[in-house]
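What follows is a pair of complexes built around subunit A, which joins subunit B in one and subunit C in the other.
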Partner chain A sequence: MDQKLVISPKFKIAAFVMMGIGLIAFIYAFISHPGRGWANLLINNYYFIALAIGGTFYYAMQNITQAGWSVGFNRIPLAMANFFPVLFILMIPVMFGLHSLYHWSHPEAVAHDALLQHKAPFLNAPFFIIRFVIYFAVWIGLTQLLRKLSFKEDVEGGIRFFEKSEFLSKVYIFALALTASGAAFDWIMSIDAHWFSTIFALRNFVMGFYHALVIIFLVVLLLNKQGYFPFLNEDHMRDFTKYIFVLCIIWAYMWFAQYILIWYANLPEEAIYYMPRTKGEFTPLFYTELIVNWLVPFFLLLIGKILRSKNMLIVLMIILMLGQYVDVYMQVTVGTLHKLNIGFIEIGSFIGFIGLFAFVLMWSLSKKPLVSKNHPLLEESTHHHGH
Partner chain B sequence: MAKTNIIGVYDDEDVLMKAIHFMQKKNIQIKDVLSPIPIHGVFEALKLTTRLPLATFFYGVLGTSLTFAFLYWASVVNYPLKFGGKPLNTLSFIIILFVATIFIGTFLTFMTFFIRQKLYPGKEVQILDPRSTDDKMLIVVDKDEKLSAAEINDIKSAMRESGASEVNEVEEITTKKKFVWKHEKDIH
Partner chain C sequence: MYIQKVRGILVEGNKSFGQISRDVIAPLDAKTPLWWYISASLAMGAILFGGWAIYTTITVGIGAWGVNNNVAWGYAIINFVWWIGIGHAGTAFSIFLLLMRQKWRTSINRAAEAMTVVAVVCAGLFPLLHMGRLWNAFFIFPYWNTRGPLWDNFNSPLFWDVVAISTYFMASAVFWYIGMIPDFATIRDTTASKIKKKVYGFFSFGWVGSAKGWLRFETASLLLGGLAAPLVVAVHSIVSMDFATSIMPGWHTTIFPPYFVVGAIFSGFGMVLTLMIIVRKVYKFQEYVTQSHLDAIARILTFISLIMATAYSTELFMAWYGGQEYEMFTFMKNRVTGEYTLAFWTMVTCNALIPQIFWFKKIRKNITIVFIASIFINIGMWFERYVIVVTSLSKDFLPSSWASYSPTAVEIGIFVGTLGIFLFGVLLFFRYIPMIAISEVKGILKKTSK
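So, the complex of A and B:
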């Protein structure tokens, strides 16, 4: 159990090459198509913010329910908590690109728009930036505390840290309910400032939770291939895939709940959100989003052969990662660029972000033992047997 | 003639698990294991398989298609009524499809289970040992008529060796006769 993750030089080189591609993509974007550059920065930032929110929520949930089976892998969501400081730095430039992203940030547009004037007390640049700082302060503060507790437990042991983590996790999920909703409203929903959906925050949160599980499981499987987590057995895999299966259904439920109400009521101010998405050049992506995130995993995760095969699961998890990209892409691009662009800028920047955050994840994992040492439920996790 | 079972009564689940493996090593066919609590690993140790999930999947598919057929017939073929400017064959089917699929899938799965287990409301259930609903675990072995006395003795001694607190013979009653539990004291 004393294994420490060793980052192989190959991985380091690959990660830095990917980051280089991303950097080139962004430099190219900001010189030639600044609008696309800003949109892509927001897409990729939000992609990983959602993952970090989902990952830390998952960790908090494991503490609150005192789940035993997952204890051995909990260092991965804890490492995902380290996305927040990096994302904070990456979100700062977005605050300078408000004019390219958000319609409401133009005073001359607000002057002729009664609806935006009505929303102005909330949607204005200073308050927007204040909220941005508050969200990240809450996330970074609480998740770093959770990390600290877990590492202290390694050294000192005892039930104290277990109980403290549980209490802190409860505080965290309450804070997350407010901040994650606010973040989704601020950064994504205010792109279409005239439009609103009350289920929007929940839908985005579920997206993050779902795909965070995908990332956690993917990292577990990939590290297991390298010889880490020797205790990983079929029951762990079954529990992970069950978790992902359930979240896949919840994701589809939320996606559909938002869509059908707007479709059914057919109010012009609401339906306008789905018009460019369902009719026009975004149509294929609209259906791709649903098929990749729901239809494919729903049927594949019913098949026992796939659930037992690590290689097939790795492929499926990678497909689901792309599914989340389509999801975020659809939410951001339609309102900002009004045009479907998929080229070097989109692909390169996404590759760059994957390289960066894969490196952040591995780096945080390698700093501390890969499996927590004195957790009271660790034995249950390493000898997990479930039905 | 009524069938008879040899029953080993165990007090502890770990002992029971070991006993199962012990008896399987001696090639004794275990008919059933009864326990008041779920015990990890019994299902695998007895090499039980179930096709019930597969059946559920097909019931779900059946439920979806039947419900869709009905909705389509009702709102497109038989009584096409436009409202709200929506097409006849629409998305609003999905919610009821979702609910009906779950209902039909669950209902038919339960029915299948009841039929396969020959269960029905009001059935007089034969409890081989009433204590198996309380704090004892049982290993049930069929006492076949073809078994010789020596073989039966082997089974009984295997049960005792593996830690059974008692070994009993219980007659299965198939008719409406009230069930009698014969207690044959174990001699240690």
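So, the complex of A and C:
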């Protein structure tokens, strides 16, 4: 159990090459198409913010439900907590690109727009930046505390840290309810400044939760191929895939709830959101989003052969990672660029971000033991069988 | 593996297998206690009152109710949604917790499922009566008919409701019944009474407890569980769409489906808590329904209550953020303040604030406080439906058509009647069906008892 992750030089090189590609993509974008540069920065940032929120929420959830089966893998979501500080730095430039991203940040537009004037007490640059700082302060503060508790448990042992983590997880979930909702409204929903939907934050939150689990499972499988997590058995895999299966349905449920209610009522101020998405060049992506995130995993995860094959599951998880990209891309691009662009800037910047966060994840994992040592439920996880 | 140190003890008193059967069956063999007759007559009284109200509704028509052209959905729909919500407990308990391998479910699921079945029956009564012409109720089923091209409106959420609820009722009743088969066989094998042997023998379908039988039993439960889980979600999502597909301010909001589902589970769990505390006290089942069980329910309630609070605040925020005057009026002037402010704040207090006391272990351990809090949740969830149904309808877009609503004795009578049906159903359950799933508790005994 006392295994430590060793980062291979190959991985390091690959990660740095990917980061290099990303950097070139962004430099190219900001020189030639600044608008696309800003949009892509937001897309990629939000992609990983959603994952970090989802991953840490998953960890908190495991604590408060006293889940036993997953304890052996919990260092992965804990490592995802380290996304937050990096993302904080990456989000700072976005604050300088408000004009390119958010219609409400133009005073001249607000001056002629009664609705934006009404929203101005909330949607204004200073308050927007204050909220941004508060969100990250909450996330970083609480998740780092959770990390600390888990590492202290390794050294000192005892049930005390488990109980403390459980309490802190409750506090974190409480804080997430407000901050994650606020973040989704601020950074994504306010792109379409006139439009609103009450389920929006929840839908985005589920998106992050769903795909965070995809990432966690993917990392488990990949590391297992390298010889880590020797205790991983079919029942663990079954539980992960079940979890992902359920979340794929919940994601689709949220997606559908928003769509059907807006479609049914057909109120102009709401339906306008779906007009460019369902009619126009974005249409194929609109359906791709639903197919990749729901239909594909829904049917594939019913097949026993796939559930037992690590290789096939790895492929499926990578497809689902792309699914979230399509989801975030649709939410940001339609309102900011109004045009479908997929080229070097989009692909390169995404590759760069993947390289960066893969490195952050592995680096965080390598610093501490890969499996927590003194967790009171650890044995339920290492000798897990699902009956 | 089951680590008792963390997870707590689920069966206390170092029971043997035989003892569990004897303990659970004992109330069925004992003489019917006096309090049972008293409660049953109380329930009968309520049912009689309800019977009168239903008779009046059928003979006079909906005019006997307090509803009017604007507030066309009064008590009937409030109570319908309330009962359906309570009816979610059984399935939420049995099925979600079964799929998630939660061992503490075993002592509670039987009672929760019983509640579900009775609550759904109570719920179904309301839309039926709301049709006004009860004798035409069969019109809602799509079938080849002689009325020309007259069909159901398949686009209507009200029709989806009929389909969802009847499916849900059947699925949960079957699930409940299948779970009882081994226990009926146990009664058949142990009882001294000849009649009981015949009756329970008939209902146990010749169960012998062979390995094959168990294998099929467990597979069937798991499959039914997996199929019924989406049903739970579907039913209340569709109930929410009765409201949300309209364009009424306060109704048309995209968060409604998940918000209703969560609310339903919330009220269901609240009712389970109320009921289980009574059962363990009256039948002295403290060794089966332990502190750990009540603690687990209380913690779930805290979590769900936070979701409810998030939904309430999201709605309020969006009402302002959306910038539509009607939406803002409904929330700010007709809910937070105004004529219905009391109902609104009762809802917030009971659903979002009071359950927060469960953050503290000491309070979760105090059964009296837990019991009182569970009752508040039931009340709060009733007011939630009241707020949603009445406020939006009473003051809509056109001030000239604003109207108030207060229920008549007939409407209250039907509600009281369903309370009677519920109480009577639960009493029958107490009397004739083992209240705790004997076979399932035995299944977890080894690892979880002390």
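Here are a few things to note about the model shown:
Keep this in mind: the second predicted complex is superposed on the first by the 386 of 387 C-alpha atoms of A that agree within 3 Å, B and C clash if a C-alpha of one lies under 4 Å from a C-alpha of the other, contacts with A are read in each partner's own complex, and residues count from 1 in each chain.
The definition used in the following text is that a residue touches a chain if its C-beta (ideal position, glycine included) is under 8 Å from a C-beta of that chain, and two chains touch if they have at least 3 such contacts.
Because the structure is a prediction, the values reported are computed rather than measured.
Overlaying the two complexes via subunit A brings subunit B and subunit C into a clash.
Residue contacts after overlaying the shared chain place A:159 against subunit C, while subunit B stays out of touching range. Of the two partner chains placed around the shared chain by superposition, subunit B and subunit C are both touched by A:264.
Contact with subunit C, but none with subunit B, is seen for A:198 once the two complexes are overlaid on the shared chain. In the superposed model, A:377 lies in contact with subunit C only, and not with subunit B.
Once the two complexes are laid over each other on the shared chain, residue contacts for A:16 go to neither subunit B nor subunit C.
With both structures placed on the common chain, the touch criterion links A:302 to subunit B but leaves subunit C unconnected.
Looking at the shared chain after the overlay, A:170 reaches subunit C, while subunit B stays out of its contact range.
Touching more residues of subunit A than its counterpart among subunit B and subunit C is C. When the two structures are aligned on the shared chain, A:344 is found in touch with neither subunit B nor subunit C. Subunit A residues in contact with subunit B (one complex) as well as with subunit C (other complex) are 260, 264, 387.
Of all residues in subunit A, only 64, 66, 68, 115, 118-119, 122, 159, 162, 170, 173-174, 177-178, 181, 185, 196-202, 249, 253-254, 257-258, 260-262, 264-265, 267, 269, 376-377, 379-380, 383-384, 386-387 touch subunit C in the complex they form.
Within the complex, the subunit B residues that touch subunit A are 38, 40-41, 43, 57, 84-86, 91-92, 94-95. Interface residues of subunit C, counted against subunit A in their complex, comprise 1-3, 5-7, 101, 230, 233, 237, 241, 244-247, 252-258, 299, 302-303, 306-307, 309-310, 314-315, 318, 321-324, 359. The touching residues of subunit A, when paired with subunit B in their complex, are 256, 260, 263-264, 266, 302, 385, 387.
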